[in-house]
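Going by the order they are written in, the chains are A, B, C and D; count residues from 1 in each one.
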Amino acid sequence: MQRVAETCRRLLSERGEANSVAIAADLLDDLLELQADQRLAFFELLEHQFGPDPGQVLQAAQRYAESPNAEHLIQLTAAAEPPRQELLRRLNRAPGGTAGIVSLRRALLGVLKSRPDLAAVEADFQHLLSSWFNAGFLQMEQVDWRSPAALLERIIEHEAVHAIDGWTDLRRRLQPDRRCFAFFHPQLPGEPLIFVEVALLPHMPEAIGPLIDPASASLAPRSFKVATFYSISNCQPGLKGVSLGNFLIKQVAEHLQREFPQLRTFCTLSPIPGLCTWLRGCGDWDARDDLRPRLRERLGRAHALLRSHFGDTLASLPGSFAPEAAPPELREALELLAAHYLGQESVTVRADPVARFHLGNGARLERINWAADVSRKGLKQSLGLMVNYLYDLGEVEERHERFVRGEVVSARRITQKL
Amino acid sequence: MQRVAETCRRLLSERGEANSVAIAADLLDDLLELQADQRLAFFELLEHQFGPDPGQVLQAAQRYAESPNAEHLIQLTAAAEPPRQELLRRLNRAPGGTAGIVSLRRALLGVLKSRPDLAAVEADFQHLLSSWFNAGFLQMEQVDWRSPAALLERIIEHEAVHAIDGWTDLRRRLQPDRRCFAFFHPQLPGEPLIFVEVALLPHMPEAIGPLIDPASASLAPRSFKVATFYSISNCQPGLKGVSLGNFLIKQVAEHLQREFPQLRTFCTLSPIPGLCTWLRGCGDWDARDDLRPRLRERLGRAHALLRSHFGDTLASLPGSFAPEAAPPELREALELLAAHYLGQESVTVRADPVARFHLGNGARLERINWAADVSRKGLKQSLGLMVNYLYDLGEVEERHERFVRGEVVSARRITQKL
Amino acid sequence: MQRVAETCRRLLSERGEANSVAIAADLLDDLLELQADQRLAFFELLEHQFGPDPGQVLQAAQRYAESPNAEHLIQLTAAAEPPRQELLRRLNRAPGGTAGIVSLRRALLGVLKSRPDLAAVEADFQHLLSSWFNAGFLQMEQVDWRSPAALLERIIEHEAVHAIDGWTDLRRRLQPDRRCFAFFHPQLPGEPLIFVEVALLPHMPEAIGPLIDPASASLAPRSFKVATFYSISNCQPGLKGVSLGNFLIKQVAEHLQREFPQLRTFCTLSPIPGLCTWLRGCGDWDARDDLRPRLRERLGRAHALLRSHFGDTLASLPGSFAPEAAPPELREALELLAAHYLGQESVTVRADPVARFHLGNGARLERINWAADVSRKGLKQSLGLMVNYLYDLGEVEERHERFVRGEVVSARRITQKL
Amino acid sequence: MQRVAETCRRLLSERGEANSVAIAADLLDDLLELQADQRLAFFELLEHQFGPDPGQVLQAAQRYAESPNAEHLIQLTAAAEPPRQELLRRLNRAPGGTAGIVSLRRALLGVLKSRPDLAAVEADFQHLLSSWFNAGFLQMEQVDWRSPAALLERIIEHEAVHAIDGWTDLRRRLQPDRRCFAFFHPQLPGEPLIFVEVALLPHMPEAIGPLIDPASASLAPRSFKVATFYSISNCQPGLKGVSLGNFLIKQVAEHLQREFPQLRTFCTLSPIPGLCTWLRGCGDWDARDDLRPRLRERLGRAHALLRSHFGDTLASLPGSFAPEAAPPELREALELLAAHYLGQESVTVRADPVARFHLGNGARLERINWAADVSRKGLKQSLGLMVNYLYDLGEVEERHERFVRGEVVSARRITQKL
């Protein structure tokens, strides 16, 4: 660590400027070989020795407050920026520097929970990576059966929503009525950052099974009316919090609209990963003064029906539940609770990450689908329910703003249930 | 401007996040069509409305000074960073965003002299561009006769040291015993940022004429012993101050060393653009207490000889001067003055940009060459003198540091003259 | 030559089969260094020692005639094929083999006139090259300002119809309202075989000057109605007689039709290189019994007018002639003679290579243009006349067949003159 | 068929010349949709109506025999070449023409056994394809984990020697100590023609198991001394008889020698597919007067031992045989028989295609390996024996010639056994 600390100082010094690529390469080699405890020591080093000097910042801030001119502002900005940012920028000059920084951040994120004092170091990593993985620098590419095997292997590995069961399964998802697009960065050649899988369909889909059935036949292009994003997966844990998915979905939608002018609808078929957890956790409906009395009562009753069906505590909502055979009143109760969960709680409680992602992108809550994912995972997460979010590119900006203000835009068929 | 200001606010707002690529594209279109006066108004807008709030920064600085923890630091960093930085990062998401920002900065640099109050805005542009044009993101490519004509046209246009007189002239510079390398950035495809021209030679060259003679024959690879950088030119005025040349020279040297393991020497053949200006300006030698008396006296005498030859004021050092026919004592006098100028004054007076560039990169002042550039420009700048700087990759770091401390490392054949 | 002869036999022998690429490479090296007289000796070697054996062929032909079965036919085909064909096929296995064979044929064509006994050797070269430069193996590529300088240099060098005067002139021909397409072969990378230049225009053009004026402005795509092939040039003398131009024109027409569905007309603006030579040579009209009396009389009168204008023998039709100022009756006479020349004589006398090329491709003789090429070359060749040939892709097959039977298909405006 | 026949005549006619690409494309479409019986009718059409005219050939052969000059030879060559060759050359002008012709030949080869009268038609297909798939036109490319999945799928599918059991198995064969190279043709993009798999090893290998074990670790490059071709597979049945493997092996050897100058040995590890069949078939040793008496006796005894072990008729040599546990005298007997089979019978009896391929390429019979392939297939074919053939590039030409004359070049360790 002694040596790493010295190399850091050397790289950041005036002296290092003349040969920074070589020094950065040495430093990177050392950093990538650190064991977990040493890596932690390195993050502590960044925290303790490469932060801004409080006294200097205060002085600069005072001068700027007294006389807010260009000179004082330049001094202030220089004094307030943590020196580790420049250190990381110089480290980035090394061959493979960007990949190295992404992997360091991955490690840092792993320890952050137990070491909240490193949050400012983490913030600097995120700040720089957000700047470098700016949408303008990302390259969207289609992934298909002509793509390198090494890339397809990454896709199989990183699919996070509906697992890909080997090459045959993948192959179906790359047929002519399916699309897969990924973002790449020039500094990480061959490494997908995030990818989205799309089904081209005649109708907005109600269930995931047929979409990912390896034995299903490929449709002809003339029947494509709806583009459905049915899976979106990040491949780089070290880029967590760097906005990628929003840009990818919109760029893919524009690309597909150009390729198939007949497409009328862009939507998702999405899981509701937080539904069952929320159901178990949400308690006393009578106390919910924020709800209209009529709705409060209906939700309470629905919840009670659920309890009578699955046991009082809903402790373990059974994965063996068969939605197709469920009594109609149970379906009605569950759909009501899901509509409320997605349409309102997602804003306030922030429980469902998928809902927050799409609604935050400006999508509309379009339709809740019964018995849509009867896989074990689907039943455990959401008792088989899935949801379509609708992307209307002309409306996303306004809808995003309404969402930020606390309002979820939902289709009529959903609002009238509530 | 009203509309531009509103779009800027919209892009930077929470609302803009959902659709930032589209908003950024609109804003960029507007900005690139602005007339000079409107563009100035835009820079003023950035200065007045998108800087940090002095009160908030002061408050954050005080909190951080009192209790320098992660939370306070994150708040401080956020408060101190001028919001226009984030604005530019979002603008960069537009297709062509990077090129647009580079061209805006070019315009900003053009007005900076008369508008020093915009210096902090300029600093933000430079800060971001330095981060984005980081050595790690640059791609070195060889330029040769198989390169696209559009690229070669740019090379002809931007050669700043020894003008290229059309395609025939260029062609000689791309023969097998010459090399040309350029840096590119993924976001500016086909646009060279900076390029360097190299001659592969048996000896360290003494004059530029033979190197750029279109009629000269190409040498065979077995005689390559020395790689000489004889021209380095920036192509992007909007990237002024972003460090590129240092990285390019070193990367090219490494590349050539791999391609031709027999290369022993990496050097330049460089102009001395500031020599004559300095000669006219430097005055009373007797008053120079900083110099050793013996040297002071010799310089004074040499300067006097010069005056006796070219007239008392050296007002216009004649372009018609023929170095080959000059008397030996004049040559001796001039070489002494040049050695002093490059070896000492370049550190203190900061007169010669080429000397400062190479010495600052860690090169050594190696040899002064008489009658080395007898073109009109060469005679006017430096009475025909040129200089070799030597790049010894194992030494550049230490030499750079000595230069920063005020010491120029020179070859023995130069120091013994002084 | 002794060594070459031995290597040829070794390459063709059973023994050579195991290592033919290496032997072919050696042979090729030797062949490409031969001086002119030795090269001739090599062609003689091919003629004398690598032809079919007359006795064996006769025997095989007799057996086949008696009993025309598969076995006899295979024997006959093997016996009748000159062994030098297989020799050349094996030579082609060498790296650079195809280029070498093309260059050998170029040399062979150069001596053929004085050595008609080598015609069968030449026929074998042409036979193989026609098979290898089969349209299926050719790759059409667009040439533009992003093309490698080395390729553009070849275009400048080989333009045979309207000379390109340097890079500025070329640049105009690559603007957005001009196109240039070339055929390439995988074995001759970077080497254009043939290229065609196209102007995209609102009307069928009447003169070449405006088309190739470097100062003319580029038109907007919405005004493109007519695609005019205004120059087609071969780059490989060694591929003479290998059909390329016909395929190129049709493939380009199809390509442009896809790119600009609004294009209505595909035509040429072509020179009439043989007109003046024919005018000087064609003699006694009264003796032309093949012509209708009325036409014969009119042509005779026109020719007499020409003589009265340019001197009795038309020995040197003046390049200084100014078509714009010519008396109307001279114009009428010349246009009549040109219409007759192109519309009839081109079939029988085979005088005009350009007419034969386009009419043979199935084009229609569309319009004769007065004062269309007033360059020195244009006046000397055809007193300034040029012609449009019209390519109607749906009709080319039938028109080609009529041309083969001796009939030129002409537009009404031409037939009614005759 | 009527229509096909007419289109063929049209394509071959003068009339077709003007538009041959379009006609060829139509014809190709029709041909590729023919059912098996119609396709046979098409081949008969080629046989009956597109062969040379016996009378004309005889006449031309007589003229040439009387007076063997260039004119007569050209006429003879034209008369003797079956017109279907030109028909196929024109068909090849269609987009996809080459692939179509390859697939037609595949079908033709399938019926040839029952229709020997079509042999001359087949000979014409092979003649043209050999000319077009000439080594000079083939492009060698490395296949690795970055190759398109579609290509790797073809490799899995076509591996003919040691089957690849899915993607994991394939992956091991593409690790850094393995290589795979394939030939491609510009007209069949993405379609491998033939590929070879190579293991880079410290020693000449004795058994196949370790080489293709998916769990084996990859070796470091510094230990590479031997390059072993352990599998070579054709991918295009329609190119049967077109020489590809010989060129591929030699080009790969040269490529690897450049990449790893430390490589000392190029050899194969090959199966002996014909051994057991030959053992069952070879009968009365006493009658073999061609063998030296001593050898004849030893072979007879060895064969008898085999019979005593496996049953009198050797009717079914058991796949359950465990070579590792076999008695030494059985091993000795089998190795003697194998050495004789490979070292002598392979020339005369032409039994073993793999031996004939490598020996015919000029390789040396180097070593017979006991218990080298204990897979079911390996035991059935050759009782587990495999063989190394040695490629010494400096010797292949001479060794090939000796093989053609009937002599197998074997290593001392083999000859001394016999």
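Everything below uses one rule, namely that a residue touches a chain if its C-beta (ideal position, glycine included) is under 8 Å from a C-beta of that chain, and two chains touch if they have at least 3 such contacts.
Chain by chain, the UniProt names read as follows: A, B, C, D = Malonyl-CoA decarboxylase.
Source: prediction; values computed, not measured.
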Neighbouring chains shared between chain A and chain B, ordered by label:
none
What chain is the most remote from chain D, judged by the mean position of CA atoms in each chain?
B
Centre distance in Å when chain A and chain D are each reduced to the mean of their C-alpha atoms:
53
If you average the CA atoms of chain B and of chain D, how far apart do the two points sit, in angstrom?
62
Each of the following residues of chain B touches two or more other chains, namely none
Can you work out from the touch definition every pair of chains that touches here?
A-B, A-D, B-C, C-D
Using the touch definition up top, name the residues of chain B that touch chain A in the complex.
14-23, 47, 51-52, 54-55, 57-58, 60-62, 64-65, 68-71, 73-74, 76-77, 80-82, 89, 92-95, 97-98, 116-121, 123-124, 127-128, 130-132, 134-137, 139, 186-187, 243, 246-247, 250-251, 360-362, 396-397, 399-401, 404
Please name which positions on chain C make contact with chain B in the complex.
145-150, 152-153, 166-167, 190
